[in-house]
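Take a look at the structures listed below.
Across the two complexes that follow, chain A remains constant while its partner is chain B and subsequently chain C.
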Partner chain A sequence: MSPTPSPPTTSACGTCALNNAANLRRLGVDPSGHDLVVALAGNPNTGKSTVFNALTGLRQHVGNWAGKTVDRAEGGFEYHERRYKLVDLPGTYSLLSTSEDEDIARDFLVFGRPDVTTVVVDATRLERDLNLVLQILQITTRVVVAVNLVDEARRHGITVDFRHLSRELGVPAVGMAARRGTGIEDLLDAVERVALSPTSFGGRRLIHRNRRLERAVSHLAERVARHVPGVTNPRWVALRLLEGDATLERAVAEGRLRELVADPAELRSETVPEEPDA
Partner chain B sequence: MTRSPILDETDRLRAELPENFRDDIVESLYAEAARISATSLSHGERPARPTLDKLLDRILTHRVWGFLAMGALLFGVFWFTIAGAAVPSDLLSNLLVEHGHEQLNRLSRLLSLPDWMSGLLVDGVYLSTAWVVAVMLPPMAIFFPLFTILEDFGYLPRVAFNLDRLFAKAGAHGKQALTMMMGYGCNAAGVTATRIIDSPRERLIAVITNNFSICNGRWPVLILLGTVFLGQLAPPPLAAVVAAASVTTVAALGVLTALVVSWGLSRTVLRGATSVYSLELPPYRPPRIWRTLYTSLIDRTLKVLRRAVTMAAPAGAATWLISNITVADASLAAHLVDLLAPLGWLMGLNGIILLAYVVAIPANEIVVPTILMLTMTLGTNLFGAEQGVLLELGTAETATVLVQAGGWTLLTAVNLMLFTLLHNPCGTTILTIWHETRSATWTAVATLLPVGLGIVVTSLTAAVARWAGWG
Partner chain C sequence: MNTTLDRLSPGETATVTALDVEGPQRRRLMDLGILPGTRIRAERSSPLGDPTAYLVRGSLLVLRRNHAGRIHVDRHQG
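Moving on to the complex of A and B:
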């Protein structure tokens, strides 16, 4: 069962300028003693497992079809002397529905609170995949968008303006062709940047077109933000409460909302007691 | 009890919202995604999708041609496997079984090991392990890379697309075709993959019928049976073709059975509406040949082989033991075979085959070597075999042993192939089914239904064959 990690690169390779991921050390299945947690999310068949394998050196089975990974796979890598644990989530089209694979993905993003969430999207199906990116941005803004399969997109005559995409989404967007192993270094840089940033990125918040809904969400979000200082996604919490999310309702009633939804970096650096909710 | 002010506020705000506010959320999402995507992408002159992709899809997902292409591709893969594995199989068998066994025997005499110990270790454990390696390694080393290349290319979702219509008609979820594709690798993985099906009813159908996808462990058994029995019937140049056709037929029967059982379940105990879903056809991608070769050799071939070997060793020991422990004038094996003989006759098989299935419950891969070993022990002594010793035999000799010592006919071989398709899932899969359903009832159904079906089907073919005078 246990896949063998690839042999460690020798020192000569490590310093070679041609090695495009010279600072990457693949740790295989051993994420022990990690400093940071990176989640890998994305639509089915966008190449998440390929990215996962490229980063960890593992050889999780990769197949060209949707719905191949239904479980959570974990692995580790080291970059610039920091150890990362990488969690490969099942591919999902959205986080709205109720199937088990979507639940696994959403619960991990919300309650596992990874330091960085890398959303792998397919350059040839950007519009469809951005739906998921936008949904994830409502939960966390510690996001890197990895636009995969840029080589295939080029074959289809599509080019992506990454600067524009980054600006629109408010989080880094990098292009890659994971099957060929290109773009890994860019991805690692972006992941590191987001992971080490003390403040949250200004990810795009969804403005609801229905004005009554928008008013209700902003109003409730304000109350949530006041109630839980340091919450990064008050609008998402507000929306979930309006939708009747049982887990969050219970957390509010029991005064545990902060431990559920606050920014992991802030939780680590300080321990502000939560205002009792009476 | 005091309610939280935030929750009160939530309730108040929710009451003011229109009923379908969830739809509004989705609409806002889609509109935003469309806007960002449109402004971030620029399209060149070239068409959005290469014409080759379109042409391929037109053929591979065609109502008629799609199925023909599917059959042809599967047949091609099996033919290539069977034709290509013959020579390396003989080489390995020569090396491991003939020479290796002889050397080990010499060594055990040199160390003057007691008879029972050399019998158990050399004749029991070593021989069955060596046999499994010699017979299974070459076909797997050819079959798995070919299958993985098809998967990497993007063909499996097309198969699912072709089957989708049929599954919908059978009252099952279209995604079941995808979980079946996964089952062609490993049924345990296929059962886990049913998590992509939302409706519990349709998911159960998919779990129960996954066993009809022939898994890694059973492909080599079928390929072996097809080669040794059906292939031998044809003149030598056609042998591989006939063998490949027989395996393709069994695989097609598996799909048919899955459809029929799904239909039956969805009309009786698991009634309900069929859900709608969208199936995505990924673009064709040029397979990475070397990487595929490497991963399918390491991940699939060696994994399956390791499992077969770890199971073959204890099964070899068990076979040797039951053949050599004597109770009331006959070996334990002989008593058990007598006990199972009536049922075996009814199913057009025999007591030895059924006993081998009992011994090989943990892993189906080793059914054939166990059958051979038991046949040579209990049947007419042809090649001067000792008790419970698997002799060194080539493909042709294997057939001779089974026909002459075991009294096998064409019916036996055909029914054994059918029974390989239709019998209980392996131990790992049963555990996975329990884990996924958490229901003893459904685990029992998923385990017993295929065996029951196997007994009924083989009994029917046996009755028909005997009535027609073939048996």
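Moving on to the complex of A and C:
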């Protein structure tokens, strides 16, 4: 019952054509002149930074502890002659929580409006990690789910049915072992497909099995949109209000909602001191 | 048998029945996968008995006793 030994890797593997996505050009820290913005989100410790490095060619920030990526890192890559800016966000369990490092991820996903959001999930902890995927699908359907660490999952006897997962979620789901560079091409194809689709992808906006809750969210979101024209993500605002977010409630009562979402820094936990200007 | 999570001994499993927590902490527990219906196993306690590590949906979570005490569970027999 010994696990299949992995083939020995040498430094040549990193530059081997077979191991690399043939159409990928890594642009390192130079995301200038990009056409599209791709966000990398995911629970802590799912391998976001490894995926980031595989796509940009950078060698930064990989480490195995919580809160490692404290601020967002940016890099660039080119695929099929289109330039992408890739934004690596700190790990987060939720778009609705109020902890400091998760706020950075949330602000970017909710208000930064990336062209594509890639959610990296751990194949060995899929059940838990899908929570964030479902939350992100509530605010955008321009999503690709990158199921990372499939090699490790296989060692634990777990295989993932990607076609089924894609169908259930309504967005592409691809398998990866980013550490070995496996699945990069599939990811790039899926990102490109979502980025270039003129309309929103199929995605499951209607996640709530509870009809009354869904009605309440839609109703409130409509009112928010009417009340504050041009507000980004009225649905997210509605969800937050229904959860009893005091900061948002105050902003609505005082007619400051538009200012608040234009400058979401104010949404950060009250205990966090103001950051000095960079 | 109904009890609270902090009363499980290492190795015992239970199903969550209710969260007696409000606000951001309730949200947090739910985001970490603790909801009514979730199966939890007490894994091990730190030397002083607090905090305790629990296995939830394939990952290990560490909770303080004052949080665990507000998670109502149905302890599995046997």
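Details
Here is the rule we use: the second predicted complex is superposed on the first by the 193 of 278 C-alpha atoms of A that agree within 3 Å, B and C clash if a C-alpha of one lies under 4 Å from a C-alpha of the other, contacts with A are read in each partner's own complex, and residues count from 1 in each chain.
Quick note on the criterion: a contact is a pair of C-beta atoms (placed from the backbone, for glycine too) under 8 Å apart; a residue touches a chain by one contact, two chains touch by 3 or more.
Keep in mind it's a predicted model, so treat the numbers as computed, not measured.
In the superposed pair of complexes, A:N131 makes contact with chain B and with chain C alike. In the overlay built on the shared chain, the residue A:L165 is in contact with chain B alone; chain C does not reach it. When chain A is checked against chain B and against chain C, the one touching more of its residues turns out to be B. Once chain A of one complex is fitted onto chain A of the other, the partner contacts of A:L96 extend to both chain B and chain C. Of the two partner chains placed by superposition, A:L196 touches none, neither chain B nor chain C. By the touch criterion stated above, A:E243 is placed in contact with chain B and with chain C alike. In the superposed model, A:R155 lies in contact with chain B only, and not with chain C. Chain A uses residues 96-98, 124, 127-128, 131, 243-244 to touch chain B in one structure and chain C in the other.
Residues 1, 3, 44-45, 59, 61-68, 70-71, 90, 96-101, 124, 126-128, 130-131, 133-135, 152, 155-161, 164-165, 168-169, 179, 204, 206-210, 212-213, 216, 219-220, 223-224, 227, 239, 241-244, 249, 252-253, 277-278 of chain A are the ones touching chain B in the complex. Interface residues of chain C, counted against chain A in their complex, comprise 23-24, 27-28, 31-33, 56-59.
Listed in rising order, the residues of chain A touching chain C in the complex are 93-94, 96-98, 124-125, 127-128, 131, 243-244.
Of all the residues in chain B, the ones that touch chain A in their complex are 2-7, 9-10, 13-14, 16-18, 21-22, 24-34, 36-50, 151-154, 156-157, 160, 175, 178, 181-182, 192-193, 195-198, 279-280, 282-283, 285, 288, 295, 298-299, 303.
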